[in-house]
Amino acid sequence: MTQYNLQINFLELYRNDDRIFSEISFHLSEGQHLLISGANGTGKTSLLRVICGLTIPTGGTIVWNQLATNNIDCHYHEHLAYLGHKNALIPELTARENLEYTFEGNRSMNRTSSVLEAFGLNKYLDQYAEKLSNGQIRKVALSRILLSEKTLWILDEPVANLDTSGTQFLLAEMQAHLDQGGMLITTSNLNDQTLKPNSEINLDKA
Amino acid sequence: MMKVLRIIFLKDLKVSLRRWSDLLTSFILFVLVCLIFPLTLGNDPSLLLKIIGPVMLVAALLATLLAMQNIFRPDVLNGSLEQLTLNTYPLTLIICTKIFSFWAITSLPLILISGFIASSYYVTGNSILIVILTLLLSTPSLVHISALAAALTVAIRYPGALMALIIIPLSLPIMIFGAKAIEFSISGIDASAPLYFLLGMMFFTCSLGPVVTAAAIKISID
Amino acid sequence: MNLKSIYKLGSPPLFYKLCIVLEPWFLISSILLIAVGMYGGLFVAPPDYQMGDAFRIIYFHVPSAYVSMMAYVYMATSAIIGLIWRSNVAFSLAKSCAPIGASFTFLALITGMLWGKPMWGTAWVWDARLTSELILLFLYLAYIMLHLSIPDRSKADRATALLAIVGVVNIPIIHYSVVWWNTLHQASTISKFAKPSIATEMLWPLIIMILGYTLLFAAFLAKRTAAELAVREKRTRWLQTLIVGDKNNA
Amino acid sequence: MPDIFAMDGYGFYVWGSVLVSIAVLIINWITAHKKFKSTINEVKSFISKGKE
């Protein structure tokens, strides 16, 4: 049983001549939660996208299990689940079809129905995603992450648009994920409810 | 692996069918471009037989151009394409599947109707089959080239003209040989040479196109 | 010359200084060569027995056509290097090649048309070479337009690099399909600029003109690349000291 | 001397292409030079902005 860990060294990102962020370094191992905080426009989303490998950083390295993520032997993406501002739901498909479209992981039926039950989604499964409300769309997207069985969850403002019960359930699920040795990186605005992080990066100061 | 690609293929077919108005527009464009020539030139059979090759190819190019603007754009906007790039499966194969499903849904109707349009241009006998075969061999290349242009311009707000500027020079060989194949068969010459060329181009674009398109997608959603 | 010294060229400060130092030399030598070549081509070389004095246009057409194609290959090569090593120098070179190459393509087209008018009686007869040049111009325009329409610089660099590579793979295919199409249509026209055997006093000015144009291309490229590098590296110390140093001297 | 300019009656085309070539090349050089100058100025203003 390997211990997963993520090491970020001196990450920096420039767009044209504007600095988005620089000198970001941290270490994350199993069961740990990193919170990236900061006001709007301080580059939280950009940082998450760099950590996921969607954006190529101007400088710095991302190391997963002692292998740089651009190394061909590094199976970083097999362990990574990312949810950004965009919920990645295809409006022309129903909620159920959108969920089935995540073709990874062989989760149990019980688990699936309990997650959907807790989010109160069961009634809406056969509606087209374009007919769902923002909160419901967010819940479908989040259930996709919860059911993904990946080690590292990277969530951009996970509780945005969620109602109280949904938030409670999500926080509990995130805690359970950490307890099972999962890893978690989230961003949040200061007034969001969130779990207590093991470490925090505040982009306001950087 | 094959199962995953089949899921993507079927899902793309389903989504495209639910966006049927887009597809209908490009199909109608194809038919209208083909119809406008007889209507404006008059129905002189010798003239129409002369122009059917280029008209068919240009109409197919325009229809492909129109349809392909939307191959990646909606998925980029709703974020599902970036989830596909984060997948463990090779993006090249996913893109290839996507392009193939798009081809099936946008180009197959054109190929099916091309026989009727050819006969309205007074094309007879074997030449109708050659017209259909030409479109069958040239549309995959056109779709792959357009997919590359669409991937490069996916982050641009109004990509239409720029896509045309990229696609038309690159697809010139296909246009030339496609038009020639039709012209040859109508004038009774053996059309196999240009058809072999089209087949070669089809293999060339289908094998290398998705690799470049996948790279372009990764750059565009950066 | 070992591999390491080539690798060093990828360093922006070194390349910037090299551009600044070499640019005047390229410019002066190319002006000299072009002057000699023009004298040779316009006054020394005997008129062609078939085309008379009109053939002298080739001393302007052939070099610009040559440079236009070389520039595209150069652009695509730099683009590949840029994509592989993420080198700012290579991307600056590729981006700077495009407008220069486009203007040489334009020149090749204009001079080709000026040659075609007295020869064919009309400026444009869909000659295979001219048609290929026209397509080349469109490929350059697509590259430039794509670069202009993507605001993020590094994204634009990489997207256009792909386009340049696809273009350079396609150019031979496009060229030969145009030639093939042309032989079916226009087999009768005299469309060959290059004679199988060309007299020495006709040949040397042409070679000198080609050399001169190439060096001129190098001079333009050096200037534009230096500018492009300066934009990209403006937050680095080496460039700031270089430029502020310039100010102190002046 | 007029012979040279007449060029067998092709004078317009030959000298035309000479002039066009020279003009385009000079314009090319001017734009490159202007671009370089404006870039240097841009960098200078960038530096002075950084100092403030």
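Letters A, B, C and D mark the chains in the order given here, with residues in each chain numbered from 1 onward.
Basically, a contact is a pair of C-beta atoms (placed from the backbone, for glycine too) under 8 Å apart; a residue touches a chain by one contact, two chains touch by 3 or more.
This is a predicted model, so every value here is computed, not measured.
Engineer: Looking only at C-beta pairs that count as contacts, which pair of chains has more of them, B-C or A-C?
Structural biologist: B-C
Engineer: Using mean CA coordinates as chain centres, what's the gap between subunit B and subunit C in Å?
Structural biologist: Computed value for the inter-centroid distance: 33 Å.
Engineer: What whole-Å value do you get for the distance between subunit A and subunit C if each is reduced to the mean of its CA atoms?
Structural biologist: Averaging C-alpha atoms per chain gives centres 48 Å apart.
Engineer: Averaging only over C-alpha atoms, locate the centres of subunit A and subunit D and give their separation in whole Å.
Structural biologist: 54
Engineer: In whole angstrom, how far does the Cα centroid of subunit B sit from the Cα centroid of subunit D?
Structural biologist: Centre-to-centre distance between subunit B and subunit D: 42 Å.
Engineer: Two or more other chains in contact with one residue: find those residues in subunit B.
Structural biologist: 222
Engineer: At which residue positions does subunit A touch at least two other chains?
Structural biologist: Within subunit A, the residues that touch at least two other chains are 17, 56.
Engineer: Hey, what residues on subunit C touch two or more of the other chains?
Structural biologist: 152, 154, 234-235
Engineer: Which of the chains are touching one another, listed as pairs?
Structural biologist: Pairs satisfying the touch definition: A-B, A-C, B-C, C-D.
Engineer: Which positions of subunit C touch subunit D when the two form their complex?
Structural biologist: It is residues 27, 38, 42-43, 47, 52-54, 56-57, 60-61, 64, 99-100, 103, 106-107, 110-111, 114-115, 117-118, 216, 219-220, 223-224, 226-228, 230-231, 234-235, 239-240, 243-244, 246-247 of subunit C that touch subunit D.
Engineer: Given the complex with subunit B, which residues does subunit C contribute to the contact?
Structural biologist: Residues 135, 138-139, 141-142, 145-146, 149-150, 152, 154-155, 158-159, 162-163, 165-167, 169-170, 173-174, 177-178, 180-181, 184 of subunit C touch subunit B in their complex.
Engineer: In their complex, what parts of subunit D are in touch with subunit C?
Structural biologist: 4, 7-11, 13-14, 16-18, 20-21, 24-25, 27-29, 31-33, 35-36, 38-40, 42-44, 46-47
Engineer: Can you check the complex and tell me which residues of subunit C touch subunit A?
Structural biologist: Residues of subunit C touching subunit A: 86, 151-154, 234-235.
Engineer: For the complex, give me every residue of subunit A touching subunit B.
Structural biologist: Listed in rising order, the residues of subunit A that touch subunit B are 52-56, 75, 77-78, 80, 82, 84-93, 97, 101, 103-104.
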